[in-house]
Structures are given as structure tokens and as C-alpha cells.
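Below are two complexes that have chain A in common, paired first with chain B and then with chain C.
Now for the complex of A and B:
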């Protein structure tokens, strides 16, 4: 049918290299999620603080993260910060870009989750003699994390998919970067990228499955 | 700081890029929505077991990075000698990507219509089509439209990735200018502002509709 001969052997020989790249991909995604979660909690706290400057800052962060492309945010970290004399390596720029993006989306998830928890519960906690921090820590936070768990795992899958954007700023150690490098050497574009697609798919499915098992264990009544 | 080599012609170049972004988005979202509605109805109609192959294929589009999908599609069209321009390839990939997400939204919308309401329609003598058209469609749209707006904006932002195929859309246009003028921050800020101006008002509209149309 096609006058093109597929060379799967050559691509499969590079599989160990690509799997190493997959580990870097997972590492970046996990790190960006950890940083993103911490930032999102901080942003949520800023929004709840009632302070207008902090609240405005958090809202601006969330709206920028949600209304511009992730690729733009990575470009901003990689090229834009150069104006201030900050030159990030592709790895750091990718991590910073995705973490910024994650923080925005996760903060919005947290806000939605917070809305689902009735105010009366906080008041009940307060009238039992809890301080505002205690009421938040022991009553609101556990429920919020439970409600937000599914969106957070979705964001984790998104983070994995977003790491592939690193290749556009010259990242060459993650799965997409290694695939692109192999491709540049051999021009077997379809074979290499098809294998990369399969690996990405499997990682995404594995993460979803792990999250589901974790949820079943953690959120048992 | 305000000494810049950026001219009005360069701004025009950026706006041309923005138009390309909007064109890719419009084509992909239109085609993707039509496909998504068809797939969503089919999935709802034939039940989870017989729809499994369709579900699996659509799931692939949501679990593989868009960049990889674009590269694969571009390589495939070269192998199959289809001779597609980057614009066509981008639109095809983004349409399928949109369809995969839209299917979920449509399915969620349809299943949010209570079965009793639909049975009532059928027992009044409405045909399947009338039930779909006059009962399910209005109720499902209320539920689905906010997510659909979110999806449209998502595709608009994700369409930035088509720069990898050499299409000069907004982000690629700003990159070209950065390479020439060496003022990355300013140009990227303008580029980001354009994205923001397109996305933010529509996102707000989606949020408003969600609040206005929610049942509680």
C-alpha cells in the first residue's frame, strides 16, 4: 500500500533509552505536581485570607495560568526571564512552567472543593473552641483534599502530557526529547514517535489506575 | 525600557498569527463538536460494552500528548503520500482531539437527563428523534455548555502546539519576532496578553453560565 518500509527493529533497539527518558518525564511531572500542590495551597490560603493584595495576587496567578497556553508559560520561563538575567536550563524552565500551570489549575480545583463544604461546619468547629487554623486544618482541609482528589489526579495526567512540551525549548533528556533526538539522527519519525505514544499512553493509564487504587484505600469509610 | 524596535508592522504580524490561531481553533472545534455529538450519542445508545472499541480509541487521543499526535499525524500523511499541508494536518489532529473530549461532555449531558423524563416523552408518542430533539437536547445543553466552552478555550490554547509543524500561529509569530528583535520579554508579554484577551472574557462567560444554569 505504502512505498515506505517501516523499520521497527531500529526503533525497538532504542527502547531502553526511551524508557530512561520516560523516567525523567515521570520525575518532572511528579516534581511539578508537588511544587504545584504546595503553591496551590498557598494561593488558596491567599484567597481565603481576606487580604486584598494577597487575594488579587492569587487571582491574577490563577487567571494567567488558566487563560494562556502551557507552552507560552514554558517559553516565558525559558526566554522571557532572560531579560532579568535569569537563564534557566530547559529542565528548570520546563519544571517552572508546568508547576506554574499546575498551581493555577489546582488552586481553582481547591476553590471548587471548598465551595462544596458548608460554612456551618467551620462554625461548628469554631463553637467547639477550635481556633480558625484548627478548624481549617482538621475539618475543612481533609474534606477538601478528598473532594479535590479526582481533579488532582487528572491534573497529574495533564502534567505528564505537558512534559512533552519541553522538547520545544531544547529539553533532550525526557521521553519526547530523546525521541526527537533519535528521530533527528535516523529520520524514522513515525516509528519512534509511535513507540513514544505507546509509552505515554501506558504511563497515563498506570497513573490513573494507581490513583484509583489509592483513592479506594484512602477514602474508605 | 521603552526603547523598543517593535514596529506597527510587527504588531500586525502578531495579529496575523492570532488570526491563524483562531482559524485553526474554529475549524477544529466545529468539526470536533459535530464528531463529538455523534460519538456521544452513539456511545450512549449502544451501551458500554459495544461502545468499548470507540471508547478505547477516543481515550488514546486524551492520553497521548498532543505534540506527539501532531508529529505522528504529520509523519503518517507523508508516508501515505496524502500531501496534506500543515494546516490540514493540524486541523485533523485537533478535531479528533476535540472530538475525544467533546464525546465525554455530550455523554455526560445526555446521561444527566433523567430516564423518567425521556420515558415520559416516549409514552406521549414521541419518536426517538423527537425525544432527542425536544427533550434531551435542551436539557443536556444546559449541563454541557459550560464544559464545552472550557473545551473550546482549551483547544485554543493547545493549538499553540501546531507551531511544531511550522504553522505560523500566535506563539510561533512571537518567536519569530523574538529571534529578530531579541526582546523576548516584551514580545512574549504582548503574545500572552493577546491569548489572555481572547480567552478570559469567554472563560468568564462560561463561569457565568455555569452559575446561572446550575440547578442549586
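Now for the complex of A and C:
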């Protein structure tokens, strides 16, 4: 039995506040992707370097990031580090947690993309007189980014949805945080959560569309 | 023949209509189980003992209520933010969850008369230098999301125009953050503050004073339209006080001066 009368007019009054929260959500997600991409490239380089310590470090990172819940990673960034006297604000902890997670998944995307490029291309480049770095830079890297582009977009959508976990570490300025707070004050749970769900959906959809348009422009033959 | 069919039909119809009119009070008595939403990280109102069994004032209160109804009690652990979804989705019948009876919330759920009253205390990290409520100005403070004190404290921080407010999802997270120094101070009910400071799980924190917020009267809640059930609950709360059971439970779980549940000069 579901006995609840919806008061939409009351809930919609809070829409501007929720849209402000959506901006913070988008900002955290974007920043986490920028940091995550940089880290993922570094991790990929570590794995390709042939150095056992660097390779082991990168593998450990990817393993932990991909095989533990994002909730755990964010919680650890706040309360885990807090135990050792390192105090990250909720915003920083959330950003760090998601960036850590992104880096792991993106590094794995890059690895898959690299595997899809035949070795023979590098060798062909080398026989044309390119140095190994040049062969990587001009032949492998552009193709790798192209193959990895759509999985990266997926990760961006994930990052947006993961920001909602910030409430567990006291984040109250993003969309999920503001929704929780409005809910606590008025108990109009279902209206606020429904509005938040629609906003999340629209942001994710907009990101996917933008990525598709960008891909169509960038990857023209 | 025809008349007997007609009579049977009438009896069946009467049975069906009386079914349709059963309200929540009937449903609870009929099902033999009373499902209470109780917050179990909110000692001494609700917590778990070493064997993971729910204990606390609210747990005993729910058991008393079930006994009065002649049914068995089922404690449904419900974190603060999930009290209303639990009620609305029919997972619980009544909230015995230290819920402040604000007018804003009464638009959504049906509140009873107060069954308990809290005073607010400031607990601070000993390194923060916070010695009173006023010292919290400009500091990083936190409280449990969705509680009376969280709403009041956040408003206060905005009025001060300095410092930062952080809502955490559980009371345990607030005290963890406080003992780690992530936040400098918190406002919580004085019962919770005492229980956590004495409990010894969190080091380096102490209760430094009272917070000048209004007395936080808390009520039981159920669906807004269930007048029959709300009536029963109101009488039950009244009887708990009259029979001295309220004082007995208060002494058992909290101790000290018994808070008055009536507001002077006004009827409820």
C-alpha cells in the first residue's frame, strides 16, 4: 500500500536550489575526469615502462580502484585518512575518491584500446625511421584515444552518478546533498528524489550527446 | 431460493465493505505484529548490545506499545533519513524514532503528542578550543543530517556568516569526524552526547555546554490520515506517563531530572 499525496508546487519551489546543486555535481564530475584522465595516462605509462616497481604500483592501483566499491573509496578518503590526521573536506574527499576510481577504470580502458592496435603498425613506423616515442606519439596514441573515447564517455556518466555518494562524507552542496537536506526538512521524500532523478538523467543524457557530437567532429576520416 | 442467494450476497457484501474500512489500527491488531521504525545508532534511545540485539528507550517504548495492542513488536532498524520512506512504502506501522514534531513535517506525516523531550548540548574536540556554544562561530561544525539540531545548527551557521556546516548520515559518523578533528564541534541531544563521551569509543571529545535551541519535543508518527491509530498512540503516551512507566524508562536509560512533556499555557 502506498499512501502518499504529492505536493509538487511545494517541491518545485526548491528547483533553483537543486539546479545550483546540479552545477556543483557537474563541476565535481568534470574535475574528477580531468584528474582521472591524467592519472590514467600516467598509470598506462607506468605499465608500459617495463619497470617492475612502477608496473606493480599501477596494477595495484587499478586492482583496488576497480574491485572495491566507490562508496568505500570515498569514505576512506574522508574518514580513513582522517584517522591519520589528514583532513580532506567533504568536497576534496569526494573529488579524490572519484578521481581515484576514474583513474583505475580509465587505465583499463586505455590498456584495452592499446591491445586493439596491432604491433605491426609500430614496427612499420620504426622501419620508416621513427623513434619509439615518435611511433607511439603519432601512430599509437591517436588511435588509442579514438578507441577509448566512448568508454571514457561512459566513465564520465559514472562519475556524475558517483557524486551522489558524497552525502556519506557530509557533502551538502551537490545535488544529492541538497536533495537530502530538503527531504530532511519537509519529509517530502518522493517529490524531491523524483526531481533529482530527472536532473541526473538530463545531465547524463546531455553529456552523452555532447560526447557523440564531439566524436563526430574529431574522428572524421 | 432467490432470497437465500440475495441474503448470501448481502452478507458477502457486508463482509467485503467492513474489510475495506479496516484502518491501520485494525491491520496491526489483525496481523499480530507491530512494526516500529527505530534508529539504532542513537544511544541511549536506540542502539545494539554485544549480541547485536536492539536495545534502548525507543526499543522498550515500542515493546510497551506492542504489549498494549496485544501483538508482538518487530524493530525495524531505520536510519534518520529513511524514516519517512519506510513508513510511506508500508515497511513500518509507526515511527518510534525520536522524531521532532515540526510543522513542516506534520504536512507529510501524522504526529502524536510528545513522548520525549531533548535538551541540546555542545560537544567539542578538545583541541579545537571550543568552550561554549558561541565559540563555534567560524568553526567547522557538524550534526546528523535530518535531525532537529542539524536544521537549527545549519541555520545558526548561516546567521553567523562564518564557518562551515557538515551534515553526516549517522550519529556515529558525526562523532567519528569529531574525534578525528575533521569537525571542531557538534550539537546533539544531551543524552546522545553523554552516552558517546562516556562510551569511550571516541577519544578526545567532551561536552562543553548547552546549546540555546528550543526544547526538542519528539513524537511518534504514523500515516497522516490514520486518526484512529494516532488517537490510540496519544492515549498510550498519556498512560505511559500516568502509570509511571515513562519515569521508569527514563531512569533506566537516561537518568536524572525527568523532562516535562507539556508546554505551559497551551493545549495540544
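Methods note: the second predicted complex is superposed on the first by the 218 of 221 C-alpha atoms of A that agree within 3 Å, B and C clash if a C-alpha of one lies under 4 Å from a C-alpha of the other, contacts with A are read in each partner's own complex, and residues count from 1 in each chain.
Everything that follows uses one rule, which is that contacts are C-beta pairs under 8 Å (C-beta built on N, C-alpha and C of every residue); 3 or more make two chains touch, one makes a residue touch a chain.
Keep in mind the model is a prediction, meaning the values are calculated, not measured.
K.L.:
Touch test for A:195: chain B only (first), chain C only (second), both, or neither?
P.N.:
Touch partners of A:195: none, neither chain B nor chain C.
K.L.:
Touching A:4, do we find chain B (first), chain C (second), both, or neither?
P.N.:
A:4: touches chain B and chain C.
K.L.:
With the two complexes superposed on chain A, say which partner A:83 touches: chain B (first), chain C (second), both, or neither.
P.N.:
A:83: touches chain B and chain C.
K.L.:
Tell me which partner A:204 touches in the superposition: chain B (first), chain C (second), both or neither.
P.N.:
After superposing on A, A:204 lies in contact with chain B but is clear of chain C.
K.L.:
State whether A:167 touches chain B only (first), chain C only (second), both chains, or neither.
P.N.:
both
K.L.:
Quick one: classify A:70 as touching chain B (first), chain C (second), both or neither.
P.N.:
Only chain B; A:70 stays clear of chain C.
K.L.:
Between chain C and chain B, which one touches more residues of chain A when both complexes sit on the common chain A?
P.N.:
Between chain B and chain C, B touches the greater number of residues in chain A.
K.L.:
Applying the document's definition of touch, where does A:185 land relative to chain B and chain C: first, second, both, or neither?
P.N.:
After superposition on chain A, A:185 lies in contact with chain C alone.
K.L.:
In the overlaid three-chain picture, which partner chain does A:135 touch, first (chain B) or second (chain C), both, or neither?
P.N.:
The answer is neither, since A:135 touches no partner chain.
K.L.:
Across the two complexes, what residues of chain A are contacted by chain B and by chain C?
P.N.:
Of chain A, residues 2-4, 79, 82-83, 167-168, 189-190 contact chain B in one complex and chain C in the other.
K.L.:
Of all residues in chain B, which touch chain A in the complex?
P.N.:
Touching chain A from chain B are residues 60, 63-69, 71-72, 74-76, 79-81, 153, 157-158, 160-161, 163-164, 171, 175, 178, 183-186, 188-189, 191-192, 195-196, 199-200, 203.
K.L.:
So in the complex, the part of chain A that touches chain C is made up of which residues?
P.N.:
For this pair, the touching residues of chain A are 1-4, 7, 10, 78-79, 82-83, 85, 87, 89-90, 167-170, 172, 177, 180-181, 183-190.
K.L.:
Considering only the defined contacts, which chain A positions touch chain B in the complex?
P.N.:
2-4, 63-64, 66-72, 75-76, 79-84, 157, 161-165, 167-168, 176, 179, 189-190, 193-194, 196-197, 200-201, 204-205
K.L.:
Within the complex, which stretch of chain C touches chain A?
P.N.:
By the definition above, chain C touches chain A via 80-81, 84-85, 88-90, 104-105, 107-109, 142, 145-147, 150-151, 154, 164-169, 173, 176-177, 180-182, 223, 225.
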